[in-house]
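In order of appearance the chains are A, B and C, and numbering begins at 1 in each one.
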Amino acid sequence: MNLFEYTRAETLDAAMSAATEDGAILAGGTNLLDLMKIGVVNPTRLIDITRLPLHDIEEHDGGLRIGAMVRNADLARHPVILSRFPAVAEALLSGASAQLRNAASTGGNIMQQTRCSYFQDPLSPCNRREPGSGCAAIGGETRNHAVLGWTEACIATHPSDLCVALAAYDAVVEITGPDGLREVPMESFHPLPDANGTGPAPLQSGEIITHIRLPDSGGMARNARYVKLRERTSFAFAIVSAAAALEIQDGRIVQARLALGGVAARPWRARTAEKALADQSPTEEAFARAADLALEGAAPSGDNRAKITLARRIAIRALTRAAAGTPDRLPALPASVFEGDCNG
Amino acid sequence: MADVMNIQGHVRLGSNAGQSMTRRDGVLKVTGRATYAADNRPEGVLHAVTATAGIARGRVTHLDTAAAEAHPGVVKVYTPANRPDLAVSPDEKIHGFAWRTEALQDDTVRYAGQPIALVVAETLEAATEGSHLLAPRYDADTPRIGLDGGVPFQPETISIGRPPSLEVGDIDAARTGAARHFETVIETPAQYHNALEPHAITAQWTGDRLEIDTPNQAIGLAKQSFAAYLGVNPAHILIRSPFLGGGFGSKAILFGAQLLVALAAKDLDRPIKLALRRDQMYGPVGHRPATRQTLKLDVDTRGHIAALEHHTIAVASSFDDFIENASNASHSVYATTALRTTHAGIRADTGTPGPMRAPGEATGSAALEVAIDDAAYALGFDPLEFRLRNYAETDPATGMQFSSKALRECYAQAAEAFGWQDRPLEPGSMKQGRLLKGWGMGTAQFPCPMFQAAAHATLRADGSAVVETSAADMGQGAWTSLAQIAADGLGIDIDRLEFRSGQSNLPDAGVAGGSGHTATAGTALFNAGADTIRQLAELALNDPASPLFGADNAGVTARGGRLYRNDDDTRSEAYEDILARAGLDLLRGEGKGAREGEPERAMFSHGGVFAEVLVDPDLGQVRVSRLIGAFAAGRIVNPHLARSQLLGGMIWGIGFALQEEAIHDVRTGRFTNADLAGYHIPVNADVPMIEALTVHEDDPFVNSLGIKGVGELGVTGTVGAIANAVWHATGIRPKRFPIHPESLI
Amino acid sequence: MTQILNLTINGTSQDIPIDDPRATLLDVLRERIGLTGTKKGCDRGQCGACTVLIDGRRINSCLALALSYDGAEITTVEGLAQGELLHPVQAAFIEADGFQCGYCTPGQIMSAVALIAEGEAGLDPERVREGMSGNLCRCAAYAGITEAVLKATRAMNREDAA
């Protein structure tokens, strides 16, 4: 880790003025410090925003406005999250470990970097880390890489569980910067790569995420789930994942939400699939058709064709579970494909 | 760290050998007072960090030492250009258990992650950044990686000095005569020990004397090695290794950075500490290499194996010769009229492999148990019935009797506890809700080697005792179980016993490895106690003032700190009284532990492992929902701790079967998952229900105490049991480990 | 430039000069003030060996920049026992053999203390396993760890009731 100057921001303005190219914002630190330790991020100034007044969760027009410094564990326990946005809680609780969730912030979760091993290896070419250097992942070990929205410039995936659920719920990212406030939908906050690179940075110089807004989840509160396929039962990133929410009236789907994780450089909101589900009965067949639509255009970026099948199937699983209703209490293994199956 | 482990506030259950007892080091470990090597902070200590190679093959052409040395806090950078000399080249194998290693002898790079410089600084932060600032440049060659990328060769020996092949009977004739022929090909990946404690060393010189704190599984041997490479009188070296934060084979062997730290500490005249980063444990400290194994089973019409052939291709490094002896796992498990085991090597640009918990046995058992299961199903046998049908009554490899073998009882007890009798033969027959359920089994077997150990036991005037041997406790419980044995040898209560261990100025206890440490060091301790009691009895029996005088041929028995006449239990005398009358403050005995002569029996621990898995049929994720093993391992010194060892081994089986795999990018030779987020080992939620039963077994041949060992046994059998359960759930036979979800959809 | 960091560690307020802003809480505890009970297993938040409580919450001290936690209350494994009287979680780990080599144990124990305080797992073994999955144990003492957490939870419930 290189030497840096450490400053604690007392005001948002101070934080913004410091958040320029050579500066990095320190919130929970669980991703930033890790990346600094492995030499992927090398800021010369660190601006600590943990004391800024961004720790509150406010109810807001039937939804929530979540401060960027709200820790993952606190968000997952919030009564309104549990009652109206249960897929957010389930996604959070399926991610990382209790220790990491106690430190990691909401804003930091959104800003976390890909787990692409070539991005994490400063000796490998990587357009995301070093624009123009190329993509070492292509032709390499690609089991965990993208099957949607990738280009020859980058095949990385975004690793967040939270963002997948947020995208499904139409969350909005509130950003403050030198030019004032702007808002970006969660589903398009993370740029997809283009032919030449990884796309524009999600935040401009001086900008800071201050809040995440979750609009009213309407009639979808109790039909929402997050499901995550993993290589071990807990404490692992998703191979693929899906968040689904349904509003069901009189046996018909009024509206549907579906987002996939682990498949692209952003949480992949499947709007065509959602539209196709409207006014359908919540059946396995309808979900299978929707899942086909969700994976439309999917293509392996390497030796990862199986991910397309897995993503399609996890979409069906999430929709099926959502249709069955959110359990009153989240299962002991949140988002696991195994729920209540082992009682040893 | 005090010289002697001081057990304060010790909370325990149980008493002497054969009974459960909680760990004597328990309080130290739960309060954070157990001192591991990197916990030492000698006055003025400097921190060292190695810089590691980013290529797998070639030469380092440039290191920016100026940039590193300019970083605030950096004291000195060692490279091949300025490193102090060793007395013996680190490429010299000074004994059979020495691995060629890197101590900056030249600018050659032979694997990614190889140390290429050592940065010493006032703080860990400065040393770490200094190592980054070296920004090496290379002259790189194309790396040779993996089973298909390396260069085949025929090894002269496998494992450590063993013959690479064995042939018993006429395999071609047996094969021709058999009714059914089966062939199984299975690949296993490179696996890394990943002890939770990274390898560490703190070295400090006082004049020409060197004190080293480093976790090591064979302290006596390590002292000899340090002495030889550094050119120092071994009597001037003290190694302390009271606690190892896990070893699993990777801390039995010296690696170059340990030598460099000792050299640098001398050069700078300051104590130096080095602890590897997690990613630096993927290369210089050994691993279990990738294998490709082919098993051919030829079975007669009655379901008896006529011929068994096991061929292993194992990856080795380009510069040393450790070959995973996986085929040998087929030597002694199942009866066969003809047996052939062979090995071949692949030279690749990786660190040298080494022993990793159940070396050879775990890898070979994984393949053998799958092959057996495959044949059983094809022939219409229940997997247990098929194994019983091919039960080896004598050792197929040597023709010898087994010293003891309670495997039938293991099968029976574990099968009963598991409920195996209800198992349908056909795969895909069982469901739990939407999930597929499968049951599989495997046979566990592990050999019972003994090494060399020595111990002292000293009775003190107050009737208490101190015993001494340089044993290593890497979690198996040496501080407890060896003390239990020692107390039995001395006939005193364990609370009257002080056990000195874990440092090199004590009698050599040999290596904690091969599951033979408790048997070997335990025998030495027991014999030392017995030698002390022999002397004590001699004093008493020849002393007319003793109530034991004249016991003569009837003799005396030691228990509870007293000697009792065998012919009259009412006549006894306390140790302290015998010593007092003899005017002795101390009475010392010595003992050795080793196997005498060539063994005349085949000696193994055994077990039967039964696994239940749940498999999501759409997504392929597997969970081992139940895992039950029953094991026979001779005399169990401490059932409480033995169970933990067996369970730990079985959970390693879960990792082997489903998770563990180190992945190289074959283009660069660098790992893509050299950390604990990418290299998965089991977590708590992976273990919903597990049990290890022990089956009573008296073994009069294995050693005088009848101890076989339990440290590695649990890994064997379990991998196959899980793989077979996955097949039973899905109908899919794994072709490689770990079994990925993608392979099951 | 040396900065002064104030931490209340195991109940004692300390002003700690920090000579290097890069120091993590883990390295401050271990290398600067000699509280070496807290262990370093991976230094990247992937193993849990460095778990401590900050203001009562379990976190990985290896990913906590020390300066960021100025003013915090830290509890480490050294702060649990009262003299020779072990904390119920410590006692339960010994009884249930919830460790072998002992290296991950301080982190396991701090994590377990927090898990019980969080109150969400209760006596449900599956929730205990999930809640303890951020602490790797390579010796794989998981059955003992789960048993120890359940045992300690019951013991502490009894204490609360008394």
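Basically, a residue touches a chain if its C-beta (ideal position, glycine included) is under 8 Å from a C-beta of that chain, and two chains touch if they have at least 3 such contacts.
Predicted model, so just to flag it, every value in this text is computed and none were measured.
*Asks:* Which chain's C-alpha centroid is most distant from that of subunit B?
*Replies:* The most distant chain relative to subunit B turns out to be A.
*Asks:* Just by CA atoms, which chain is the most central one?
*Replies:* Going by the distance between chain centres and the overall C-alpha centre, it is B.
*Asks:* Higher C-beta contact count, B-C or A-C?
*Replies:* Answer by contact count: B-C.
*Asks:* Compute the distance, rounded to whole Å, between the mean C-alpha positions of subunit A and subunit B.
*Replies:* Spacing between the chain centres: roughly 41 Å.
*Asks:* Taking each chain's centre as the mean position of its Cα atoms, how many Å separate subunit A from subunit C?
*Replies:* Here subunit A and subunit C have centroids separated by 29 Å.
*Asks:* Which residues of subunit B are in contact with two or more other chains?
*Replies:* Residues 125, 129, 677, 682-686, 688, 690.
*Asks:* Among the residues of subunit C, which are close enough to touch at least two other chains?
*Replies:* Within subunit C, the residues that touch at least two other chains are 20, 22, 43-44, 125-126, 129-130, 133-136.
*Asks:* List, in ascending order, every residue of subunit A touching at least 2 other chains.
*Replies:* Residue numbers touching two or more other chains: 1, 3, 233-235, 333, 342-344.
*Asks:* Quick one: in the complex, what on subunit A touches subunit B?
*Replies:* My answer: residues 1-3, 39, 115, 117-118, 121, 123-124, 136, 139-141, 143, 229-237, 239, 306-307, 309-310, 313-314, 316-317, 333, 337-338, 341-344.
*Asks:* In the complex, go through subunit A and note every residue touching subunit C.
*Replies:* 1, 3-6, 8, 26, 29-30, 33-34, 37-38, 46, 48, 50, 73, 96-100, 102-103, 233-235, 332-334, 342-344
*Asks:* Taking the touch rule as given, give the residues of subunit B at its contact with subunit A in the complex, in rising order.
*Replies:* 54, 71-72, 125, 128-129, 132, 432-433, 435, 614, 616, 618-621, 623, 625-626, 658-659, 663, 665, 667-668, 670, 672-673, 677-678, 680, 682-686, 688-690, 740-742, 745
*Asks:* Applying the document's contact rule, which stretches of subunit C touch subunit B when the two form their complex?
*Replies:* 19-20, 22-23, 27, 30-31, 34-44, 46-47, 49, 76-78, 80-81, 84-86, 90-91, 93-95, 97, 99-106, 109, 125-126, 128-130, 132-146
*Asks:* Would you mind writing out the residues of subunit C in touch with subunit A in their complex?
*Replies:* 3, 20-22, 24, 43-45, 48, 51, 57-60, 63-65, 67-68, 70, 111, 114-115, 118, 124-127, 129-131, 133-136
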